[in-house]
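The structure that follows is given in the form of structure tokens.
Which chain is which? They are A, B, C, D, E and F, in the order written, and residues in each are numbered from 1.
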Amino acid sequence: MKLIIAYIQPEKLNDVKQALYAKEVYKMSVTNALGCGQQKGYHETYRGVDVEVNLLKKIRVEIAVNEDFVQPTIDAIIEGARTGNIGDGKIFVTDLGQCVRIRTGEEGHNAIG
Amino acid sequence: MLGMFKSKVSLLAAAAILVLPAASVFGADSGAPDSQVGVDTLWVTIAAMLVFFMQAGFGMVEAGFIRAKNSSNILMKNFIDYCTAIVMFFLVGYAIMFGTGNSFLGWSGFGLSGVADIIPNTHVQKYAFWFFQAAFCGAAASIVAGGMAERMKFAAYIIYTVAISAVVYPIVGHWVWNEGGWLAQMGFKDFAGSTVVHITGGWAAFIGTIILGPRIGKYKNGGLPKAIAGHNIPIACLGVFILWFGWFGFNPGSTVAVGDGSAFSRVAMNTNLAAAVGALAAMAVVWIFFGKPDLSMTMNGALAGLVAVTGPCAYIEPWAAIAIGAVAGVLVVIGVSLLDRLHVDDPVGAVAVHGFNGIWGTLAIGVFGQKALGVPLDGLVYGGGWSQLGVQALGMLTVAAFSIVCMGAVFLAIKHTMGLRVSRAEEFRGLDIGQHGMESYAGFQIFANE
Amino acid sequence: MLGMFKSKVSLLAAAAILVLPAASVFGADSGAPDSQVGVDTLWVTIAAMLVFFMQAGFGMVEAGFIRAKNSSNILMKNFIDYCTAIVMFFLVGYAIMFGTGNSFLGWSGFGLSGVADIIPNTHVQKYAFWFFQAAFCGAAASIVAGGMAERMKFAAYIIYTVAISAVVYPIVGHWVWNEGGWLAQMGFKDFAGSTVVHITGGWAAFIGTIILGPRIGKYKNGGLPKAIAGHNIPIACLGVFILWFGWFGFNPGSTVAVGDGSAFSRVAMNTNLAAAVGALAAMAVVWIFFGKPDLSMTMNGALAGLVAVTGPCAYIEPWAAIAIGAVAGVLVVIGVSLLDRLHVDDPVGAVAVHGFNGIWGTLAIGVFGQKALGVPLDGLVYGGGWSQLGVQALGMLTVAAFSIVCMGAVFLAIKHTMGLRVSRAEEFRGLDIGQHGMESYAGFQIFANE
Amino acid sequence: MLGMFKSKVSLLAAAAILVLPAASVFGADSGAPDSQVGVDTLWVTIAAMLVFFMQAGFGMVEAGFIRAKNSSNILMKNFIDYCTAIVMFFLVGYAIMFGTGNSFLGWSGFGLSGVADIIPNTHVQKYAFWFFQAAFCGAAASIVAGGMAERMKFAAYIIYTVAISAVVYPIVGHWVWNEGGWLAQMGFKDFAGSTVVHITGGWAAFIGTIILGPRIGKYKNGGLPKAIAGHNIPIACLGVFILWFGWFGFNPGSTVAVGDGSAFSRVAMNTNLAAAVGALAAMAVVWIFFGKPDLSMTMNGALAGLVAVTGPCAYIEPWAAIAIGAVAGVLVVIGVSLLDRLHVDDPVGAVAVHGFNGIWGTLAIGVFGQKALGVPLDGLVYGGGWSQLGVQALGMLTVAAFSIVCMGAVFLAIKHTMGLRVSRAEEFRGLDIGQHGMESYAGFQIFANE
Amino acid sequence: MKLIIAYIQPEKLNDVKQALYAKEVYKMSVTNALGCGQQKGYHETYRGVDVEVNLLKKIRVEIAVNEDFVQPTIDAIIEGARTGNIGDGKIFVTDLGQCVRIRTGEEGHNAIG
Amino acid sequence: MKLIIAYIQPEKLNDVKQALYAKEVYKMSVTNALGCGQQKGYHETYRGVDVEVNLLKKIRVEIAVNEDFVQPTIDAIIEGARTGNIGDGKIFVTDLGQCVRIRTGEEGHNAIG
């Protein structure tokens, strides 16, 4: 099992969800985050003082999947989130040792979906 | 403050008091005693303050009903349209609206120069009368901001504001509220502005919204409308209360006289009843048709009642205010849904509230108006026949058409020169940062995925 | 607007002015000159606007003091109770309160039919008087929303509102403010409503809160109260300022006359002093007993001072307003703590503010009231003995008991028919989504774990 | 309410009405008829309500312009400074300001004892006059809170409030607004308080901010200022609207008379124009120099226009109000930037708005003032020469210096005894929790990294 | 060492904390999240337009523990969070390679608690 | 590749960013979190009722790095965040199996930076 973490542009969340649904990945958890990456922030002035904003609004998606879903999930995220512009985001994949469904106590592969 | 009692002003006032009821207290201009002029002017000035305060109400309602990322932008529009309207109405608008000219527009009194101290046919100082009228002009300008919210460029909005406050609104006002105006002479009635303010503003918003196009994401996949929730319902609710409060200056203040109190107090009562019933009716309709009593729609209902009663408020009995409010509450729900279906994306319901109910209020004078209360002919329900209703319909149609044509031309001109709409990227990021370089709620974590 | 100068209304006004001081300016009804009726009506109308605006204050205070997930719900309750009260008071309430009947209730003037143009014993047009009184009725209805916040069904709240505004409040009002009422005839005094508005509303909130039961999670593990923090203190603070502002209509407006200005201006000063001292006293008590000056309690202190001074405001000297405010500020802190200990879960302090201080204000008339200012007998501190205090105590007890019994019956009836309280799941998710299908702050990340 | 018609108050009022125009209606004190006293008192009372309401405006602007973690603290300061000022002005301040004494201070009328029922040279009841003046005193006290926001101890703020409201403000007021004051006798003019309120408050904020030092993190790495964004621009915007609204009590109400309406209505119009133009000018300057139209600066521009027109509003024509507003709008932007460069960390722009424009407004009387409207000498532009401007400059300098010296001494004394500033850790965590044990927005996820 | 990530219903946080305390797990980090899972969202209408909400409010708990605490921690979370209804949540366990206490620079097992 | 998760005091974020920049770590993702640890919360009273706050405001920083950046990154975080007081925070390091740049589809070491 793997835990997939993706940072995407906020306005792409709906597209990513659609793409995941198409690949039959229905479960996920989402948080809002601030990201600092290749994408430069922007300068503004507030009350005449220069402001440099380099933490940009991003959305963090966390998805636990079984092995055979890893590639489809990654593909779906890329499909939904890619615009080709800097700031599109990253996908990180880590090993997931164990998974438990709280409601039933089920463990492992069955608990994921 | 006490220091000022050496000023001429106070000496005059003191003199006036000490010699009452001698001849000198009768103002030279009006033949009315100074105290009468003083009291009428006081009432109009206080009413003008209340109308000014509506600006805060518009701002809060419009900001609360849209997304957080665009709320400073709409507040800036609101703030600046009032400021611009004030300056424009001083320099130009007042002269076009209340100046002497022909039946289409006036042309005297630019910068108030040459305007009589006491406004003819009233006992009100020109300063107070101007202030009251200028605040009205600001209100008319503000209506459009909401309908075109979340995507219109700020600079374009300023151009729009100049056009409506310096030219379009004053011309309509001239037709209806200047004795010499062609609609006034036909016996068309609009006590406090269902036509002049709300039809003008509401239908300008209508055409503007169409020319601007819907917000990104509003109509997805085959055109079904998507709900884009307002970000701060409590301030929107506060805004509605402030508008309602300010409307007590708008309508009752339009008597521009205290008299024996019967006129403005009946207007106040009617205003209050129509708003309350409008809210209840809208709530009932939403509840029945969509399953739950939606606060935002209920608030629109109250505003609809207020808009609709604005025109007839002085010409009707309380029971008629209830009837007018009830229809308005139903109408606004229908209006919002209809416009959504027609893909007219009006985030705050400006067209349904002001446009639709401005029409209803204008027509209602022909239905519920009473000759004894100042309409040339009794309305339908009093057996006065269809004549007054006909005049009202004519006036309403002309003003709506005039507003749509003029403002449509302005919006199209802007669109093809400086551009009316922000870029797609800016619309995503929000107009607060894009247009003004600031956030409305710095630090707050706001989940924005649209 | 100028167009309306052909209306009968304006002609009358103009006539009145031109012929002053001839006989015709004396209104047929009152024997007072039209200008006097005009000015008194203006004052009452403006005061009514301010009382109306208190509704916004109630809404903001109540919303700010509860959790975000229930704030649209409480605003909706607030909004709709005013609208309902207005309609009910027009149809029924006014007749019961001010109609002629017996010493228990009135029974004439439904829908204002048959009510004299100028209210007897005043120089105020009926429209203005009704508006002022109707706004009072709305305020009384609003008090309960706060105490029963975060768990009461919206539909149940509408039923409650109808009951209090059409029947219970008008009956109490009849007793005290109708010359024919039994309490009025006993010499019971309540200038602007410590009893009529605040005891009625505050003790209705008390019984309602008890019948409803505390919010889930308020009393955990052995009954210790848990603090459930308000979600938006800035709007609550704004709400308190709005209430204080509106109270300047509530109390001074209750003179329903301008006269030589001494009455309403003293009332205004007293109102201001009591509120200020109430806030300072509550702050001091909280600071001393709980370690830090709590803003929410300090704001309750100001409201407590306002409630307490409402009854006596016209009958006392400024120093007494200070004393009354100081006691009120202490009382409200004790009240909040006491109710918390008794497991009466009143999220905004409605019972402590309105119920407790309504009582204190009513009794204070018997302590600080002056015969020279309109109370039948001098108060305790002026050596007038215990008689007036006795009458005040009797009135206070009767009204509190009447409100508890009547509203208790209403709440129990609702509880056993349609149900008073939302489901556990809905209480967790919040009444905004549960009752109205919307969020108050769409997009904002709100950490809700209770 | 009707019950009160047996009171002496009402009987008097009724009597007054029935016998008009007999002799008895002329008040013993003033020689003016009761109805005149009634109407003037009504106007002053309503104006006082509006000035009171400005307190809500100050609170919202100041809270909105700072970070969320300190907003309850600033609201508490705002709330309590008004309450304290009211009590202090009743006990002490009024006597120092309006009592008879020498040209430096007054010394009679503590607790209003011995003050004549009708204020001499007016037709206003003492209660109303006191209320109006007390609300002014509260406004002066509030100005400082914003400049010293986000780091000043609450207890220290209370001491400051007592000092300014009981002593410093009343002394300045005595100089200018008491006929016996030395500046009044020199012919110095300040109609509604550019000097008395805004210079006093603004320069107290200046010295306080310097003594307190900048917020942690405001000037990093070599002294470049860092923007610390306000957390709630919508409520700040609402606050500006409320202030503007309240200013219609502040300036027009300073006529303390209705008269024939010409004075207060011109003041209202001038106030409105200056505010609108101030906003437009500030917007233009920010837009040109910093690239985007910043809403917060635009709002400061409106306030700057209001402050600047406060002093001259009754002495000028509308065109001059426009000129004064335009300069004010430019000045405030320069002021904010200048102070930032001087490392005077004033989070809300209090010094630039009130301090700088208080000076500008005071001087403007010598430039645009008219003899015919109450200034001893015509202003510069009317060819009246430099004399009046000289007097204005003298008064302005003395008052600014007096405020800086007195309040500087108070702040230094506090600093070296109880301490003026919270600890570093508390400044990080926020003063809401540190000083009051509460959060302003419980549950909201707020990203705070400074 | 393991890093345990749990998604639970918001109103269960207090119960979960109590259950963890009972098992002597005192340290944790909490964020708010939106979750999409078996639990269907709900439909509402806003201003007459249908709204489908399928990202529901959840709380994300992150706990780093030593091996012997893994099972007790999982048990405690289940104890505190289970209602038996859909939406109760999930527990994910991943390997934790290293742990450092910033204050002292301590590493590994000692740094966790 | 490693995924580094750090919980720090909110007011230390800017210092941590500076320290990371100095070590040429430019990319990171930040969320706000509530933490419960050695640092005791505090007691307050609200409207006369005792409140115990034991979830304190923290900031969570997530940084994906290549092996040779692990130690520099940890050092930089410690440098920026340490005050020596309880509550300074923790750093957790887990294995990162895969990393994808959404914009280009690049994988692994190249995608990280």
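Operating definition for what follows: a contact is a pair of C-beta atoms (placed from the backbone, for glycine too) under 8 Å apart; a residue touches a chain by one contact, two chains touch by 3 or more.
Please read these numbers as outputs of a predicted model, since none were measured by experiment.
Chains that count as touching both chain B and chain D, per the definition above, are A, C. Between chain D and chain F, the centres computed from C-alpha atoms are 47 Å apart. The distance from the centre of chain C to the centre of chain F, with each centre set as the mean of the Cα atoms, comes to 52 Å.
For the pair chain A and chain F, the distance between mean C-alpha positions equals 18 Å.
Counting partners per residue, chain F has 31-32, 34, 44-46, 51, 94-95 as the residues that reach two or more other chains. In chain B, the residues touching two or more other chains are 21, 35, 39, 46, 229, 232, 235, 238, 290-292, 294, 296, 437-438, 441, 444-448. Pairwise chain contacts in this structure: A-B, A-D, A-E, A-F, B-C, B-D, B-E, C-D, C-E, C-F, D-F, E-F. Chain B meets chain C in the complex at residues 21, 31-33, 35-36, 39, 43, 46, 50, 67-68, 98, 121-123, 133, 176-179, 181, 184, 188-192, 229-235, 237-238, 240-242, 244-245, 248, 252, 254-266, 268-269, 272-273, 275-277, 279-280, 283, 290-296, 298-299, 302, 314-315, 318-319, 322, 372-375, 441, 444-448. On the chain E side of its complex with chain F, the touching residues are 3, 17, 26-31, 62, 64, 94-103, 105, 111. Contact residues on chain F toward chain D in their complex (touch as defined above): 10-11, 13-14, 32, 42, 44-46, 51, 57, 59.
Across the interface of their complex, chain C is touched by residues 1-10, 12-13, 16-18, 20-21, 27, 34-35, 37-42, 44-46, 48-49, 52-53, 55-56, 59-60, 63-64, 71-72, 75-76, 79-80, 82-84, 86-87, 90, 111-112, 117, 124-125, 127-128, 130-131, 134, 154, 232, 235, 238, 435-445 of chain D.
Chain D makes touch with chain F in their complex at residues 428, 433, 437-438, 445-450.
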